[in-house]
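Shared chain: subunit A. Partners: subunit B in the first complex, subunit C in the second.
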Partner chain A sequence: MSGAPGGDAGGAGLLRAGHAVPGAPAPASRRGVPNRGGAANPSAAAAAAKFGAAVRRTEVVCGDTNLHVAPASALDVIRWLHDDPSQQYEYLVDVTAVEQRDGGPLEVVWHLRSIACRRFLRVKAELDTSKPLVVPSVWPVYKGADWLERECYDMFGIRFEGHPDLRRILMWEQYREGFPLRKDFPLRGRFSRAEQLKQALTGNPEAHYSMEELTIADAFDDLPVEMKVRLGHGEQVGE
Partner chain B sequence: MATRTVDVALATSGLDASGKPVRTPLVTDAAGNAIALNAHPPVEPDFGGEHMLINIGPQHPATHGVLRLVLELDGETVVRCVPHVGYLHCGFEKIGEYRQYNQIVPWTDREDYLNSIGNNCAFVLSAERLFGVDITPRCTVLRVIAMELSRIISHLVWLGTTSIDIGAFTPFLWAFQERENVYQLLESWTGARLTTSGARVGGMMADIPDGWLDRLRNFVRTFPRTIAEVDGMLTRNAIWVGRTIGLGAMSASEALNYGLSGPMLRASGVDYDVRKDFPYLDYESYDFEVPVGTQGDVYDRYLVRVEELRQSVRILEQAIARLPDGPVNVDDPRLILPDKHRATSEMESMIHHFKLVMEGPRPPVGEAYVPVESPKGEKGYYMVSDGTSKPVRWRIRPPSFVNLSAIPKMVEGHLLSDVIAINASIDIVMGEIDR
Partner chain C sequence: MGLSPRPEPAAVSWQPQSQEGWLTTRLDFLVNWGRSNSLWPMPFGTACCAIEFMATAASKFDLARFGMERMSFSPRQADLLICAGRVPFKLAPVIRRIWQQMPQPKWAISMGACASSGGMFDNYAVVQGIDTIIPVDVYVPGCPPRPEGLIYGIMMLQRKIRTERMSDPSIRREMEPDPTSQLYIPPSAIDELSEPFGNSVHQTRSAP
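Right after this comes the complex of A and B.
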């Protein structure tokens, strides 16, 4: 077989050397990465110069640069990192959160990657756990943030302002025990086993569709009468 | 032979004189006359502009696990797709906060269970960055072998299940036969086929057994024949091409914006492979190429994955040739257990063994994220340490999860039967999506 996959199938495939930056030296595996310090990602200094006080501090941990920003300006900083031609962070790797065991602030973490410039940047925003947990959604910049932010909301209860459809994703819609990855959430759940069992047995197995889905094809009309009554009383239908 | 006359009206009994379809009555009376089931004349329902709600899964073989898709259909065309996940949620990340680093390794087997030893290696790479440890040259090459073998397993399962979804049964058998060969290799190395738990922080669970390299060499020699057979069976197969070309296409900028990674991203024409752009385990010193598609459709994803199988074989050949002698584990008593023989015969080693098992190694305060190129895409374990033996936070960056989140975008406007092909092309593993 020739090296090119399906070379004659309409020119569907081609092989490249795999280096995103033409002419740039090939990167090497990292060894001897110090726990603190080292070369910082130049984007951090550029963001600090651009946003001033909104960038609170920069640190280099295990070879990656952390950029601590004010929660309210997270979207602005990330949008600039995405749009600015000198930064080009076109890829959102991850959105997650970290809560320390000692009750410190809850950190929202965005992992950003610039494939064009071969850079990796960790943007962090600290939230006070005694206040409502709200940060701006980066969904307007990265569509890939949709499910990642939903999961973060599901697990930590962080509200992402501007997310188009912020609802639970891994846990079910009627889940009432709280947010499982918070440190005050016990490993075996908040409710007793008896209560968990009771809720499972009294759950409504007909409630398979969201209200939005039931509007399709007037499926609401086909529901049993007593379920229509319950839905009319505002019972939430989860998956 | 007498001439038979066939009443044309009877021969096309499904249509009435005006060309409209009529239903055949199911019930007849004693005289053979049809009994009308209802007062209204039977006609095919005319949906007009009405949309239909279709539910696929969570128990459906074509959803590759417990994915559930709620589809809004206009005729056979998908108007909207609402995916539901979470049926397999086990709280891996929560339980990891109550486990020492080496105790988390078995959990990594169970999320993307087609890539278990690759996950083991990816997890310990992040942990070693946190501990500040550099592994030995032999361990580096062994992990490359492990990760490429698990890429082959994962792509073979993808190939088999996708070909079944699209209607080809034979490639499934070929793929699973080769997968069995790889599982036998992994079994003799780690003791388990699926849940390998093969890596440890600072090294591997075990060195490869005697004669293992010859068996691997044999596999590497024979496996390309299977790839060629699958290639010959599918790549220019009219049904395969007809059912895959032009489906679920994502442009390069869309694929980047949706966070797709791995073969999904490369099929869309983005030349990004973690092994090349952010290398780990000395991948920069291997001679291999990264297949990149142009159309970003299901067919390109198939081409990219098949070519990746060939490139994995190339990497394996080089790894076999360069595998150095020497220790597998780092010489660091903070991390590595003493020999079994010494632990049972010397007091100091016994205490050492006891403390390492009971208390676990403690990394310094910090956080690490080392991405790897898993068969599904960019996978990485982000872990945060507060200096104790258990991580404060252990986060899996799940490539299948992010890839699947683009499925509403990919299936809209396609036919219902194409949803199966598009969903198959994403290469999802629900264990990784729900975690």
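Right after this comes the complex of A and C.
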């Protein structure tokens, strides 16, 4: 693909990708982006200047910038990326984790996008799998991290410090076999099929509600004062 | 359409040597004729098999020809549970409860490879065949089965219904799971049904 408009293959009248309009220049594509290296996202250098040793290294992979930070300072870096007027990463795309084979580190990955600056940044924190897996939760910054971090906890067993309600989300509450996406987890699970079926069938399918969700009295305490007064008078809501 | 010949209408016939009289066998024939031609399915569609099931119910293949156009989304008005798709362990108590809520007489079709055996999902999360949870009458193979396959399974079930006898007490026996384990077949049978299969036999368990 030389990028010449109206190419020879296919003949006239046949539209090819990137050449929908005859004579128009080919749109910019990711073709030719190197696997390693290239222009880094300027936010990475700004974060390195701001946080010093907490930002361990920066690498550019397939045109995207990975910012490796110390696990303890992940929340500070992400909060700065969100709040700083020159960064404005207001969209948290994903929170996930990657475990390497053969005892390598376990990486927690935050995908951030700045819609205002049209930038994408991948923040990574490496955890030692021989120690308890703990990183700070970014829930105080992005409320959308709630379920993403719960899924990450469910699959990897990473504890997000500061998460308001960290419990399983995909597997059921009484699941005893561990964290399925860890490398030491057998694909078929740890128990026999009969034991797995027995545990699943004896479980309550509605037990995924937390006690907070089930306790009406607690919910009543959180209501606004004037609503408490109205409900206290026995006012009926709706017809 | 390549289907087998229609089941003969007089599949239940009077046998003079049996203890049943002419009236009960003819009543069997009438009841079975009615039941087999007015099955109300409860569609338990969890995956891509449900798309084929929808195609079966739509105009081209037209389940209404079999008296099944009325999908019963309430299990209490259903005769036939069609499990179309894989069932994860988290759904196991749900399908068990739906089956228990269906009134007798009731039948079950396991549609597709995943519902019948776990299929390619030989992993920690998926039930290896719904026959470890509920009794199944007809297994329809395929991934997913074409509508012709499902219709063939339905016609097999109709044939089975036409041979049922009211005097046989084993047909309507309600499945009673073991109260402590909630299993209705022995654990050794479940392990035997679901042991090495698929491409992950090298994955061993770390505990019994």
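The definition used in the following text is that the second predicted complex is superposed on the first by the 176 of 239 C-alpha atoms of A that agree within 3 Å, B and C clash if a C-alpha of one lies under 4 Å from a C-alpha of the other, contacts with A are read in each partner's own complex, and residues count from 1 in each chain.
Here is the rule we go by: a contact is a pair of C-beta atoms (placed from the backbone, for glycine too) under 8 Å apart; a residue touches a chain by one contact, two chains touch by 3 or more.
Quantities reported herein were computed from a predicted structural model and do not represent experimental measurements.
In the superposition on chain A, contact is made by A:Ala200 with subunit C only, not with subunit B.
In the superposition on chain A, contact is made by A:Tyr91 with subunit B only, not with subunit C. By the touch criterion defined above, A:Leu187 lies against subunit B and subunit C together after alignment on the C-alpha atoms of chain A. After overlaying the two complexes on the shared chain, residue contacts for A:Pro34 are found with subunit B alone; subunit C is out of touch. In the superposition on chain A, contact of A:Arg167 is made with neither subunit B nor subunit C.
The partner of subunit A that touches more of its residues, comparing subunit B with subunit C, is B. When the two structures are aligned on the shared chain, A:Arg57 is found in touch with neither subunit B nor subunit C. By the touch criterion defined above, A:Arg122 reaches subunit B but does not reach subunit C. Shared interface residues of subunit A, touching subunit B in one complex and subunit C in the other, are 171-172, 180, 185, 187. By the touch rule above, subunit A contacts subunit B in their complex via residues 1, 3, 5-6, 9, 11-20, 26-36, 61-64, 66, 90-94, 96, 98-102, 109, 111, 115, 118, 120, 122, 142-148, 151, 155, 168-172, 180-181, 185, 187, 208-210, 212-214, 216-219, 239. On subunit B, the positions that touch subunit A within their shared complex are 50-53, 55, 68, 70, 72, 80, 82, 84-86, 89, 91, 93-95, 98, 129-130, 132, 134, 227-228, 231, 235-236, 241, 254, 256-260, 270-273, 275-284, 289-295, 299-300, 303-304, 306-307, 310, 364-369, 371, 378, 380, 382, 384, 386, 392-393, 395, 397, 401-402, 404-406, 409, 434-435. Per the touch definition, subunit C reaches subunit A in the complex via residues 89-90, 92-94, 96-97, 122-125, 127-128, 132-133, 177, 181-183, 187-188, 190-191, 193-195, 200, 203-208. Listed in rising order, the residues of subunit A touching subunit C in the complex are 171-172, 177, 180, 184-205.
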